[in-house]
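Two complexes, one shared chain (subunit A), two partners (subunit B, subunit C).
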Partner chain A sequence: MAQATATRKPARRRINHSTVIMGLYLLFMILPIYWLVNMSLKSNSEILSTFSLWPEDLTFRNYRVILTDASWYMGYVNSLIYVLMNTVISITVALPAAYAFSRYTFMGDKHLFFWLLSNRMAPPAVFALPFFQLYSSIGLFDTHIAVALAHCLFNVPLAVWILEGFMRGVPKEIDETAYIDGYGFWRFFLRIFMPLIASGIGVAAFFAFMFSWVELLLSRTLTTVSAKPIAATMTRTVSASGLDWGVLAAAGVLTIVPGALVIYFVRNYIAKGFALGRV
Partner chain B sequence: MTLVLENVSSRHGGRVLIKPTDLTLENGTMNVLLGPTGSGKTELMRLMAGLDTPRTGRILWNGKDVTGMRVQDRGVAMVYQQFINYPSMSVYDNIASPMRLLGKSSAEIDRAVREAAELMKLTEFLDRKPLELSGGQQQRCALARALVKNAGLVLLDEPLANLDYKLREEMRVEIPRIFEESGSIFVYATTEPEEALLLGGHTATLWQGRITQFGPTPEVYRQPVDATTAKVFSDPPMNFLPMTKEGDKVYFGDGQVADAAGLIAGLGDGEYLAGFRANHVELEQHTEKAMKYNARLVVTEITGSETFIHLQCCAQHWFGLIDGVHNLPIGQKLTVWLDIRHIYVFGEDGRLVAPAAYALAA
Partner chain C sequence: MDKTVNQKAWFLVLPVLVLVAFSAVIPLMTVVNYSVQDTFGDNVFFWAGLDWFREMLESERMWSALGRQAVFSFIILMIEVPLGVIVALQMPKKGFWASFALVVMALPLLIPWNVVGTIWQIFGRVDIGLLGYVLHSLGIDYNYTQGFFAAWITVIVMDVWHWTSLVALLAYAGLQSIPDAYYQAAKIDQASRWAVFRYIELPKMQGVLMIAILLRFMDSFMIYTEPFVVTGGGPGNSTTFLSIDLVKMALGQFDLGPAAAFSLMYFLVILLISWVFYTVMTNLDKRDGV
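So, the complex of A and B:
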């Protein structure tokens, strides 16, 4: 009996210990997001006048503004359009490239593979000027495809790199067996090979989506009105009547949502991707 | 239907994989490619399948040149040593896939798939994914897929090497039976002489990218054309000792003398290499003329009903396979007996000049 209490006590203390640390960790993690949500549900006067841990005068006006004003919600639509375009293009282009790198040896393949990755070492700002001039002169300026293509510069190499790792894990004998069975290349690739690397495609698509979604500099430089992304809209909200704090906070909350949704759906794939060591 | 390789050779990088080779496989024959790891068995199969293009020579299928033809159009089937299936498809779809590509009717496909599954004892697993099966079942699934296609040429690349002992025994019995029903050309690669003997048919022995001999399996085993073939087609490896013939006497290393009899009597005087198999090493004198050797015992392995011994004798390393369990202390001197009737004689260039007398009698 005495022994049982003696062993139980430290166990309980340990649980308390870890609970406290975990609680603090979560508190610090959640705090900025909570404050954003908190602000988005307050009126401007409450934000500026008092310090309150939760909205004393709960209002959804800020969200209403965003969801009814085209200059706001079109920012989300524009962002989503070019992000999805970019994700589709990146994966479509990277799949055959990664297959070639994983299955064939050709002159300079290793150098080319490394060089692809080195594309990601330059900051996007470096490419803002050439893209701006190029797109202006060929009439692509302020279009969704312009931003989508610009982001491909970063996302295609990353997608090739990730997909190649997944494809390398599939034995070459599966390809050969399929050819012997009579599959043509494309039929084999779509029916047999793609399901095998589905998690890799998920991981690559996730990274392409995330980069394109959070990238601000190129998307702002290459657009003015018709393809203006939400991040750019958020940085241009100082009006004659001052800063609209509440609406900005609401816009911030809505900007987090798509990323969080994507992460939620691909979380298992990401874990697998990390386990395979190419992310 | 015949498959003919004419002067076919292959290289990868700077390495020669297959030296120029001629080989004719007749319709409805079981052909075993026997050779150690790296001897070119897989490469030879890849050339037959069309997965690799030969550097020189032609491949003829029923007299038609198929050297550059796409794999898809060849009408071959292949099973790898690794268990290769399509993981995203069910076992049923796996087996059905080659037939679907041939555009067969679904009733016909269903019948063939169920028949093959029955043969491979996979009927109850048809709805599962291959990776949910055991290794043996996965390999049976791969075999079923290869068979259902009814290809004229079925290539089996060490299909049983990754299976456990029990399953291997079962499949060894199954495969020749399946083969007889199919009427196709079967090519079966293996590293194990025992497997070649069990499968029967024809055997081609490979050594460093070269076919050293091709013929009916028992014939290749009993009368290997050279020392290399004998080495490849013996497990444990063949033992050798130098031999000199002078007049009607033959002198073996270690001062043993025997009367030249049978084919050995017909040889010219000179130096030869004598070879004998491990199971012909005897611990007791069975015949009056048996030659006696004093060897040192290096290792013994007891397998249950046989004793496998490593011997050091006449500056050579010998292997012996002896019936029954013998508890012999390691390092001791051991007297072993050899019967001249069990000795193959090879010339100095390695070619067989006189097969062992027992092999001719059988």
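So, the complex of A and C:
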């Protein structure tokens, strides 16, 4: 009994100090976002005249401006369209490739794998101008598919890398048994193998969604009107209409929402997912 | 795991190969093309050899941008990696608070990069931002559009805010994989907290930490949007990192030749350093017998 209390005491003290550290860190994460939300609920005159920690004159005008104006809300639609296209394309082409890398040795496989990864290391700034010329010359400029394809530059290598990590964890005996049982490759792959790495596919899709959603340089360079992403809409309106702080903040808050929803759904896989299946 | 030799596996890789060749090789060839040619306009180009490379290697502009970039990447790695590990060690292991912490921490990662810039631009403003206002009322002379240190500190704190969670989540994933038996053994041996960290937790986190460092290095070396929104590369050139300088050169001034030469050297630097990290990483993987 005495021993039990003796060990429990330091344990409790440690919990306290980790709570403090975690609390401070989470506060640091939350504060800038809180400030944005706070500003989005104020009127412009209140933002500029008084300094307050919460809106004294609560208004939803800023959100109404965005949600009733097509040139604003179409930005969200455009972003979501190319992000989803990119996620589907990336995962579809990455699945068989990741399987090949995780199961077979073939000529030049290691070099190929690093070359793929090297595209993840390519600065988008290097590709901005060539992409602009390439997609203009084939008539895809200012379309959703152009942005989706451009984002494949970094999302496909990443998807291959993540999926390969998850597939390595599936024992090879499963493949062999399935082949002996008379499964063809594609039937085995779709019916047996893909359900086994479902969480890996989810994680890869999460990452593809994330990096396509947050990217601005390429998506802005490749679009003008009909596929303009929300992030680019924000920068333009800000410079043109003489800084409407409230609407800017509201637009920012609305760009956080899709990400927050996605995180909520995958929260149980986040930790493993961030390790790219290598734990 | 033993892998079978199978040359037909190339067919499985083919779609990726075609797609990446389309979106990487063709544009990269354009860049190579520009880097060895010069033009007087009208789409007439002539061979310039390695002149642009020579010019860029001698230009002070590129070296100073590279210097700033190196300092920036070094500082943020030095802050984010230890901080991320510390946070990961303090994370609740399960239950409501673990989920809550995970969601809050992952939040900055999914905010579009220019919105991250906007958030900090607002947050740091002396008149309407919480941070700027508080610092100002404490009597600290803080103005990120004019002060050199204020600009750097803002950009660094912003990056720490934005990306430390990535390191923390990776490290957390590594910690989750340690079996309880290890900790019990350490307790029996009466190992100190430090010893537990040094001999159990750190080795187990090694693999994921390498991924974290690799990702953070690559992404910080290509950083563009966030500092561009906050400081626009200023005051003066003090936060003009490589990508900002490159975009200015290529899309702003349309100096295609120098920009292309710059691009290639920039890419090579990243490639070289990442290759070193990658080699170390795969060797670690092998040693652990994964």
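Brief remarks on what is shown
In this text, the second predicted complex is superposed on the first by the 246 of 279 C-alpha atoms of A that agree within 3 Å, B and C clash if a C-alpha of one lies under 4 Å from a C-alpha of the other, contacts with A are read in each partner's own complex, and residues count from 1 in each chain.
The criterion applied here is as follows: a residue touches a chain if its C-beta (ideal position, glycine included) is under 8 Å from a C-beta of that chain, and two chains touch if they have at least 3 such contacts.
As the structure is a prediction and not an experimental result, all values here were calculated from the model.
Partners subunit B and subunit C, once the complexes are superposed on subunit A, both fit on it without clashing.
Ranked by how many residues of subunit A each touches, subunit B and subunit C are led by C.
Of note, the Cα-centre angle with subunit A at its vertex and subunit B and subunit C at its ends comes out at 90 degrees, rounded to the nearest 10. In the superposed model, A:T177 lies in contact with subunit B only, and not with subunit C. Contacts of A:M210 after superposition on the shared chain: subunit C is touched, whereas subunit B is not.
Within the superposed three-chain model, A:G259 lies in touch with subunit C and out of touch with subunit B [touch as defined at top].
In the superposed pair of complexes, A:L58 makes contact with neither subunit B nor subunit C.
In the superposition on chain A, A:A94 makes contact with subunit C only, while subunit B stays out of contact range. For the pair subunit B and subunit C, the minimum alpha-carbon spacing after aligning on chain A is 8 Å.
Common to the subunit B-facing and subunit C-facing surfaces of subunit A is no residue whatsoever.
Subunit A makes touch with subunit B in their complex at residues 171, 173-174, 176-184, 192, 195-196. Across the complex, subunit B meets subunit A through its residues 49, 51, 70-72, 74, 76-78, 80, 82, 84, 86-89, 97-98, 101-102, 142, 145, 149.
Those residues of subunit A that touch subunit C in the complex are listed here as 18-19, 21-22, 25-26, 28-33, 35-36, 39, 47-48, 51, 89, 92-94, 96-97, 99-101, 103-107, 109, 112, 114, 116-131, 133-134, 149-150, 152-153, 156-157, 160, 168, 172, 210, 213-217, 221, 230-231, 234-235, 245, 248-249, 252, 255-256, 258-260, 262-264, 267-268, 270-276, 278-279.
Interface of subunit C with subunit A (complex): residues 1-10, 12-13, 15-17, 19-20, 22-24, 26-28, 30-31, 86-87, 89-92, 99, 101-115, 118-120, 122-123, 127-131, 133, 161, 165-166, 169-170, 172-174, 176-177, 207-208, 211, 218, 221-222, 224-225, 229, 242-244, 246-247, 250-251, 256, 259, 263, 266-267, 270-271, 274-275, 278, 285, 290.
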